[in-house]
Every structure is written in structure tokens, then in C-alpha cells.
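Order of writing sets the labels: A, B, C and D. Residues in every chain begin at 1.
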Amino acid sequence: MTNGQMAPPWEVDTWLNTDAPLSLQDLRGMVVVVHAFQMLCPGCVSHGIPQARAIHQAFPPGRLQVVGLHTVFEHHAAMGEIALRAFLHEYRIRFPVGIDRADPRGNPIPVTMQAWHMQGTPTLVLLDHEGRIRLHHFGQLDDLRVGAIIGQLLAEAQASGS
Amino acid sequence: MTNGQMAPPWEVDTWLNTDAPLSLQDLRGMVVVVHAFQMLCPGCVSHGIPQARAIHQAFPPGRLQVVGLHTVFEHHAAMGEIALRAFLHEYRIRFPVGIDRADPRGNPIPVTMQAWHMQGTPTLVLLDHEGRIRLHHFGQLDDLRVGAIIGQLLAEAQASGS
Amino acid sequence: MTNGQMAPPWEVDTWLNTDAPLSLQDLRGMVVVVHAFQMLCPGCVSHGIPQARAIHQAFPPGRLQVVGLHTVFEHHAAMGEIALRAFLHEYRIRFPVGIDRADPRGNPIPVTMQAWHMQGTPTLVLLDHEGRIRLHHFGQLDDLRVGAIIGQLLAEAQASGS
Amino acid sequence: MTNGQMAPPWEVDTWLNTDAPLSLQDLRGMVVVVHAFQMLCPGCVSHGIPQARAIHQAFPPGRLQVVGLHTVFEHHAAMGEIALRAFLHEYRIRFPVGIDRADPRGNPIPVTMQAWHMQGTPTLVLLDHEGRIRLHHFGQLDDLRVGAIIGQLLAEAQASGS
């Protein structure tokens, strides 16, 4: 997706680690960190999820929201909701995680993953306080660069009075 | 289990990554490295499995055999055979893996895990060329110490003419 | 030092990795990252210097300047200029490094280290585009948090038209 | 050097971390781990020295001896005895370290480094209980393989009644 473009809404039926569904609309004013992953993706487990968890712990909850998105596009039978719940429990993941909706026409790639033009997992997407996509990265990105973009987006949100 | 004791046979119905079932009897004469794990156990994924894979790659196949044992004692619905196959594929695990037999009386701890008195996962068990248990360790053990015991057992096997 | 306070000038006789001495005045308008270290300080070698080098590589040179400050307060005979030159060569450190001036009254702590109230090495100091101290940290700080402050300071510099 | 060859004696004027000079003759019967390093060699600091220290801590002192050899072949002015003492103190290195003797004819490579045909630092040399060279490795070697050779040499020493 082009940087600066508004993020389309995510399509999620089931949310874990949260009492109420999350929407981009409700998160307006906050920096949003979307970590798209699969529980059996080695790069997600070794890099992406620890990074998402570190972001969740490093920044004040009122100004930044980490959202996990379980975008299963392979091994569907092995990564259903029951398995994901066990995974979140074992890996002590506390931030909200939405299960990306299965494509009703049978495309193995789930709906949000298609709409957001993700190429695989892990994918990291950063949204500014107005809901614009400011980073859309497939693969690993080091903490220094991710931190710098987050710092910039937090400064912009603060300057805007959000 | 006491060091020096003969290892009881493992109870496995399904073997992956091998054409034929493995038995302790058939492996007599070789050093045997048993890595007991669960696919959703974080310490297994970050430490135990990489160590087992490194052992599998470092030593000549004729003198040492790495055997994975999937000892599921929790989250059974999330760690069945289909999920394990996806896991082995994604993590590029090539050594033979046996699925420890479920207890017919309903104990959540599988049969071999009970018989070998394992306390959790990961557990590393090293057997010498005569099938005696020479290391039985729950948790993480550094490569230097594991390597030293393997080196000693290989030297003993060689001295015995195995 | 209090956050927000103007940084006092550094006192450096010898500069390495630069044709001309650097001054805070000349760097006004840029974000300045000061990494105070000793070449025989293990925490500097394992954490601080790799972090400073990563910052030097990650950000555009026109907007951010990394400055090393060799603040020797112990083992003075082992960490003179010749030794430091060998160290910078072996560790492939390319950013400018100033040697903090020895105290003329014989205090083992060098002059800038005293004036900036540093407690040891490594110490990381971040200055905004107006020369104010925005971070003053002794010990290790993770890349995510350091990156976020840098991102914020870069955004402020940009908003100010620097 | 050929594996299996007897190690020639080392040429050391100054020993640190030990009350008395060490000789290969006195260490006969023990496994000897020689870690040749330079204090300003990055690969020594990040890999070789931590490995030597781990070996020193992992094995019983009566059966294995770790010996550091400071083989300075470059930046001689920066790595003299005073600097080395500061380095050993800061890096908490407790095992004996000998300073390889400078070549009296002016070759920058010190005498033992020449006699042992070392190509650079770090170099790891393992000697069995009879003083024969069983590993001679320039660069990094993983703990698993190093551990396995040590385990084999310890088993041989034990079998010989040493």
C-alpha cells in the first residue's frame, strides 16, 4: 500500500485478549502498530512477536495501541482458534489479537491480508493518529528504525493535540 | 531416572521424518540424543530444538542418532499430528520425531513421558552405545556441556569397538 | 543533568575520524547523539558502541550527528590516543570521536565528563536541534526506546524548519 | 600444525593470573585448552574469550587447564603488559595468561605464534593428556563442536588413568 494512504478497516470475527472488538475508528488519535503474524511462522516467533511485545511494554497505553492480526494463509488446520489461544497463553502475549476473516470464496489468503496487500508474515504496519499508513513492511525491521518511526508518529500526534 | 540405568523402550505410534519406526534396540551401538518437546513450548522452540538440530548437523550420522519425542501433556487439541507436521515443515526439522503415545487411562501425560520420569519440556536425554541413560536434563543446558558429554559417549563407543 | 537544560560545550583537544573539530554550536539544527565510552569498558564494547554505530548508519547524515566521546576515568595508561586509534581501526568505528580533556588539577575524571555530570560509561546523551539535553542515560538502553526519542527529536527539528 | 603432533613449548616471559609459570611438561596428564588472542581483536572479545571463560568454568580444574596466550602481532604499542592487565581486570578473566615473547629479530609475529604456525587471532588449540595437538583452529568454532572434542579428550585421559 502507498505510504500516506488511509488504512482500510480490518475484517475480524474473533478478538482475543480484549473485552470488546477494536476498530480503526475507535483508535483514531492514537498511533496504531499492527503486527500481522502466523503462530507457526518461525520469523514471527523469533522476531516479530518479541518486537510487538516490546513495543506494547515500552509505550504509554493511552497514546499507542499494539494490535495483533492472525493472518493464516497456509496450514489452516493447524492454526485455528483453539491453537491460537494455546499459543497466546504459552508465549504470554497480552495485547489484543484479531483473527483475520477467512475468504468466503475460498482464497487461502484471509480477507484483511488481501485488502492490505500483505505479502507474507511477519508484516508490520504503522498507522498515524489520523489512520494513515506510515510504514508497511514485510519481514524483519530492526528496533532502532521501528522505534524512530514510532517516535515521529507520537510527536505528530502530540503536536496535533490528539 | 538414575544415571547409568537402562532406558526403557519408548511408546510411539506415529513416526515422522523416517521411513521405519526407530527402536532403542536397533540404535544399540550408537549414541542416542532424545529431545522431548512440545511444539508450543517457548523454551523448546528458542533453545531445545535449535540445539537438537545443531547436534543432528554436527555429528556423523552413523555414530549418533537424534530422536525427537513429541510429549504433549497440555493443550492437546492444539498439538495433534496435523499441527506437528506443519510445525516440522516450517521449522525445517529433519531428524526423526515420534509422537509419544496418549495414556489409555486418561492421564494427560503421555506414556513414555511417564515411564522416563520427565518433569516437563524441553527434556534432553543422552544414551550411551549400550542404551544406558547418561544425561537426563529438564530445561536448558548449554552447548559446551552437552557437547562434552556427547564427545565422551562417542569416545566410549569407539573404545568399545561399536 | 536536568532534561531540557542546554548542554555545556565539550572540552576536547584531539579529534579522530574528522578533518575539523566539532562544536555544539556548529551542530545546532541537528539532532546530536553523544556516546561517552572507554575502549576497555565491556558494556561499551558489547552494547554502547554497536548501538552508536547502528544509529550512525540508520539516519541521514544531514539531520543527525553521532559523536563519540572517549571519557577515560580509570586505567589511563592503557587507554591513550595510540591505543584508541588502534581500537577505532579494529572495531571499524567511522563516526567522529573526541578525547575528553584530562583534568589539569589531577582529578582522574576528565573535564567534560565532570561538566556533564556523567556517572560512568557507557553514557548516552541525546540533544535536540536547539542543543538541549533530552536524554542523559548511564548504562544500557534498548534500541526501541532510543529510536523513539531520536524519532521524536527528528520530528521536532523538521517541524521547526531546521 | 598436523593433528596428533606434539605441541612445541610456548615461549612466555610474563605470566598473569598465576603465581608460577606454566609449562606443557607440568600440565601433562591434563587436557590443555590454549586460547591465543589479542585484546583489541573484536572476534576474540565477542567470541573467543567468552568461550575460553565458559570452558574454564564448566570443567573440573584438576583435569583441564585453560591457558590464554596474548599473541600480539599488530598495534604493539597499544597492547603492552599494562594495557593487558587493565583488560583482564575489566573483562574479569581469571585463567592464566602468558604474553607471547616478542621476536628478537624484529618479526612482528611473536615467537610462539610462529612456532605453532598460527594464522591470526583468535586461535584455539586443544592438547590431549600426552601433549599432542588434537585441534588447531583459527577463527570461530561453535561450543557444541569444541565441547565434543573436550569430552573426547577427557574420556581418553580418564581411560589412560591420568
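Here is the rule we go by: a residue touches a chain if its C-beta (ideal position, glycine included) is under 8 Å from a C-beta of that chain, and two chains touch if they have at least 3 such contacts.
Since this is a predicted model, take the numbers as computed values, not measurements.
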Of all other chains, the one whose Cα centre sits farthest from chain D: A
Same-residue or different-residue interface between chain B and chain D, half as cut-off: same
Geometric centre distance via CA averages, chain C-chain A, whole Å: 35
Chain B-chain C separation of Cα centroids, rounded to whole Å: 50
Interface hub residues of chain A, defined as touching at least two other chains: none
Pairwise touch network: line, ring, star, complete, or other: ring
All chain pairs that touch each other: A-B, A-C, B-D, C-D
Contact set on chain C toward chain A in their complex: 51, 54-55, 58-59, 142-156, 159
Interface residues, chain A side, partner chain B - complex: 40-42, 45-46, 74-75, 77-79, 82-83, 85-87, 89-91
